[in-house]
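Two complexes, one shared chain (chain A), two partners (chain B, chain C).
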Partner chain A sequence: MTRTLAAIALFTAAAAVLPLFLGDNPYVADIIITMLMMASLASAWNIVGGYAGQFSFGHAAYFGAGAYTTSILLTTGNPGIPLCVAAGVAVSCVIALLTGAIVFRLRGHYFALASIAVAEIVRLTALNLDITGGAQGILVTDVSFGALDMNSKNPFYYAMLFLLVFTLCLSAWLRRTRAGFYLLAIREDQDAAASLGINLYLWKNMALLLSAALASVAGSIYAVYIRFIDTSAVLSLRLSIEIILTTIIGGIGTLWGPVLGATLLVSLAEALRSNMIGAFLVNAGAVSEGSAIGKFLNNNLAHAHVLVYGIITVLCILNLPKGILGMFRRKGSA
Partner chain B sequence: MLFFQSLISGILTGGVYALAAMGMSLVFGVMNISNFAHGELMMLGMYLAYYLFILFNIDPFIALLIIMPLTFGFGYAVEKTMIGRVIDHPSENQILLTVGFGLIMSNTALLAFTSDPKILTTSYSSSSISLPGDISVSIPMLLSFIITCALTAALYLFLAKTKTGMALRATSQNREAAQLMGIDVSRMSSIAFGTGTLLAASAGAMIAQTYYIDPFAGHTFLLKSFTICVLGGLGSVIGAAVGGIVIGLVEAMSSAYLSTDWKDVVVFVLFLAILLLRPRGLFGRKGEQ
Partner chain C sequence: MKEKLLEITSLSKHFGGNAAVSNVSFDVEEEMILGLIGPNGSGKTTLFNCITGYYPLSSGSVRFIGRDITGMKPDKACRLGMVRTWQRVKPLGSLSVLENVMIGAFAKTRSPVRSRNIALERLEMLGMGGLGPKAAGKLPIGLKKKLELARALATGPKLLLLDEICGGLNYSETQELLETIRGIRENGTAIVFIEHDMKAVTGLCDRIVVLKSGEKLAEGLPSEITSNPAVIAAYLGAGYGHA
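After this line comes the complex of A and B, so read on.
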């Protein structure tokens, strides 16, 4: 436990001073904020998916609920950002309770399908209602908060970092508590856990509630940061799947797996999007810029990051189903 | 008259849904795997039909004769190299593998064909038959429905009468017992996945004239196919056929009497209701949830 805490403290200290070295580079800051966000989301998912073993395929619903609640409140009356975040958490928890009531009666394939169906209902509802701006989404103009300079990246950097560190501490603490052991027992064998007197329904729902609340805070920060949301950005099935992939590729059920996964996947996506890899291949002389392959790479690699996600997922499941960190973990020492 | 119009278009659309869902149900029954790449296999059929028509001027319905063996081979190979290797893994890993495979397919299509939607227009694409009372029946949809019925009958005969079909059903009922009886269950898995791919791609090819063709076109059909399979009982091919018609009707009726925007919500609510109230579906075996 002390080692874990020391690692988290070290990580926090390193991340806290990082902006001082980056100077005023909004591009890099933006990438790191995205990394912190994906790491928070994946860590939040890890509580219900990794520890309790309940693969929710609909976590975008909680992220989106936070983002939408915050944006709606900011555009209608602006009661202050903390209240918006709290309201987002409340809405998310209500959705999580409704979801839990339905999906935790089911297992395996049925559980996965039901969690997608609930998330799709949330997405379609946001797409069809007036208050959520329908397909046009919501544009937030006024995000002022105290004396903070909301046009700089720093408030968002530290907000996301705080959320991530909070989620990591909570996960590390949870693993040591009785509840954490209940969750692991449920993951390993639900029937055995139930026969030992663990209330499956209660603890699965607790894990989901916690996870949903954390995901919702990430959504709120995202909404204030980007100032524009629509259903394809914050409620899509693709986002739910990216959250799961981040965790799986890093190492499911481990504390640092989601952070590692987010660092790898976000940098990879950015390297492809900015065509760094294509340019590298051309510069290294592997392909000439004028050739058909060179042109193809230049024109298309920017759209290829999801394709690469897919390839990584397939390779990961076939060759290292426990993820990168899981490879180094001794058997039995979760 | 709105009622009869919705009834007819619901049944016609439902037929195509049923065809796609039967493929998914067959795969689930034999392999016990939920195929999240099923929508992408439909998308594959749509693009095949489109390019066979554009490049070689082959009518989409005749193109089925080319598409079916091609996609069966494709599915067979995919099962051998990828899906079949996770048959003993936990269901989460299987789902993620098929999700990853779907992402590869849709994003390869995105690179190859761009995201611009394509429209397949034949000489009869927008023609329809008028029935008394202002009811019109779209010719391509009617043809799809007729071919769907023929394919369903063929599939039924294949499963009921042929030796391979019986082996498939035996594997679906009890994989281990089937193996002990000398059935090559891994070959059955490949055949099931190949047939599933063939059915999905055929459904895709037949609706290519009715829907926009783009790399993510299969997405909506994935969730619909799941709903249909769960309604009919996951693993039951006949259940999927009936479920397809039911979902087609529910959709047509809710867009006629409720609103087009909410028709998908109605389908998903129905889906959750079935999962909770009757998880083995209409035709499923007991104790499978």
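After this line comes the complex of A and C, so read on.
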């Protein structure tokens, strides 16, 4: 426990002073904020997917519910950002309960299927209601919060960092409490878990609620940061899947796996999107710009990050079932 | 007369038209070891699944410590003090042996420290003291069976239902485990013990119930059961019954 806490403290300290070294580079700051966000989302997903073994394919719904609730409240009179976050958490928990309370009565893949269905219902609802701005989304103009300079990246950097560190501490703490042991037992064998006095229904719902609440906070921070949301940005199935892939590639069921996965995948996505890799290959002389391969790289690689995620995931599942983090650990020590 | 701990009344379980258990009744008293024997497919494990809430009953009732627990979920039954082990072992494979037993102990306490102490004590009691940090999924079958027992014991049960706990063990391991089970009973836990090897149960049990094709064939003291012609016929074939 002390070692884990020390590692979290070290990580927090390093991340807290990082902006001082970045200078005023909004591009890099934006990438790191995205990393922190994906790491928070993946860590949140990890509680229900990695610890309890219940795969949610619809975590975008909770992220989006936080983002939409916050944006709606901010455009209808800004009751203060903490209240917006709290309201988002409440909405997400209701959505989580609607899913979990029904589907956790069943076992097997029903939850995974239902989570997709519920997320799609949420997305289509947001796409068709007036209050959510339909397909146009919501543009937020007033995000003022006390004396903070909301045009700077710093408040969002530290807000996301706080959320991530909070989620990590919570996960580390869970892992050592009865609740955490119960979630792991449910993941390993539900019949055995039940025979040892574990109420499967109760604990699966608890895990989902906790996970949904954390994902919702990430959504709220994102909405205030970006100030414009629509369904494709915050409620897409693609986002749900990216959250899962981040966790699996980093190391499912581990504390640091989601952080590692987010760091790698966000960097990779950015490198592909800005066509850094294609440019690098051309500059290094590996391919000439005019050749067929060079043209292909220039034209297509920027859109290929989801494809590359997919390939990495397949390779991870085949060769590193415990993720990249699992490579460095002996089997058996979770 | 000791208190009745478990009362099973005309319990039946049908899978479609197939009666896996039909109209079985028996009681278990406090601190009793009851052997449940019968040939393969006679409904022993199905009966366990019905008692502990894994299968809904077709008819009949189960009472435990004076409460009707018919249809009660397994986790609730466990918290009342009735816990089972599995014939096909179910270790929480990627967790350590100690963590497996701690999860059992959490039925009694919320505190990780206390559950750890209970778990260490149970492992010590079963001679698995040094195995705590090992991955449960990597144990050989004999130790997995013992882990089942340690984990079940850690929940602090009043009644322990053991499903072929000796299966896969060699002679000396079996003798050792039977001795441990005797010790568990002396600490005040009643035991229902499924076994299809009659020799293993006759020395240990206070009472034996024999199942055949889902029906109760006989019930009585071990000496009565071993000399019961119907039981001998079921086990060895009709010819021996009249010999």
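Observations on the model:
Methods note: the second predicted complex is superposed on the first by the 334 of 334 C-alpha atoms of A that agree within 3 Å, B and C clash if a C-alpha of one lies under 4 Å from a C-alpha of the other, contacts with A are read in each partner's own complex, and residues count from 1 in each chain.
By our rule, a contact is a pair of C-beta atoms (placed from the backbone, for glycine too) under 8 Å apart; a residue touches a chain by one contact, two chains touch by 3 or more.
From a predicted model like this one, the values you see are computed outputs, not experimental measurements.
The partner that reaches more residues of chain A, of the two candidates chain B and chain C, is B.
Residue contacts after overlaying the shared chain place A:Ile121 against chain B, while chain C stays out of touching range.
Once chain A of one complex is fitted onto chain A of the other, the partner contacts of A:Arg3 are absent, as it touches neither chain B nor chain C. When the two complexes are overlaid on their common chain A, residue A:Glu188 makes contact with chain C while staying clear of chain B. In the superposed model, A:Val306 makes contact with chain B only, not with chain C.
Legend: residue contacts after superposition of the two complexes on their common chain; A:Leu196 is shown touching chain C, with no touch to chain B.
Residues of chain A that touch chain B in their complex: 55, 57, 102, 105-110, 112-114, 116-118, 120-121, 124-125, 127-128, 237, 241, 244-245, 248, 300, 303-304, 306-307, 309-314, 316-318, 321.
Residue ranges on chain C touching chain A, taken from their complex, read 52, 54, 73-76, 78-79, 83-84, 86, 90-96, 99, 102-104, 106-107, 110, 112, 115, 134-135, 137-138, 151-152, 155. Across the complex, chain C is touched by residues 176-178, 181-182, 184-185, 188-189, 191-200, 331-332, 334 of chain A. Of all the residues in chain B, the ones that touch chain A in their complex are 28, 34, 82, 85-86, 89, 91-93, 95-97, 99-104, 107-108, 110-111, 219, 223, 226-227, 230, 234, 261-262, 264-265, 268-269, 271-272, 275-276, 279, 289.
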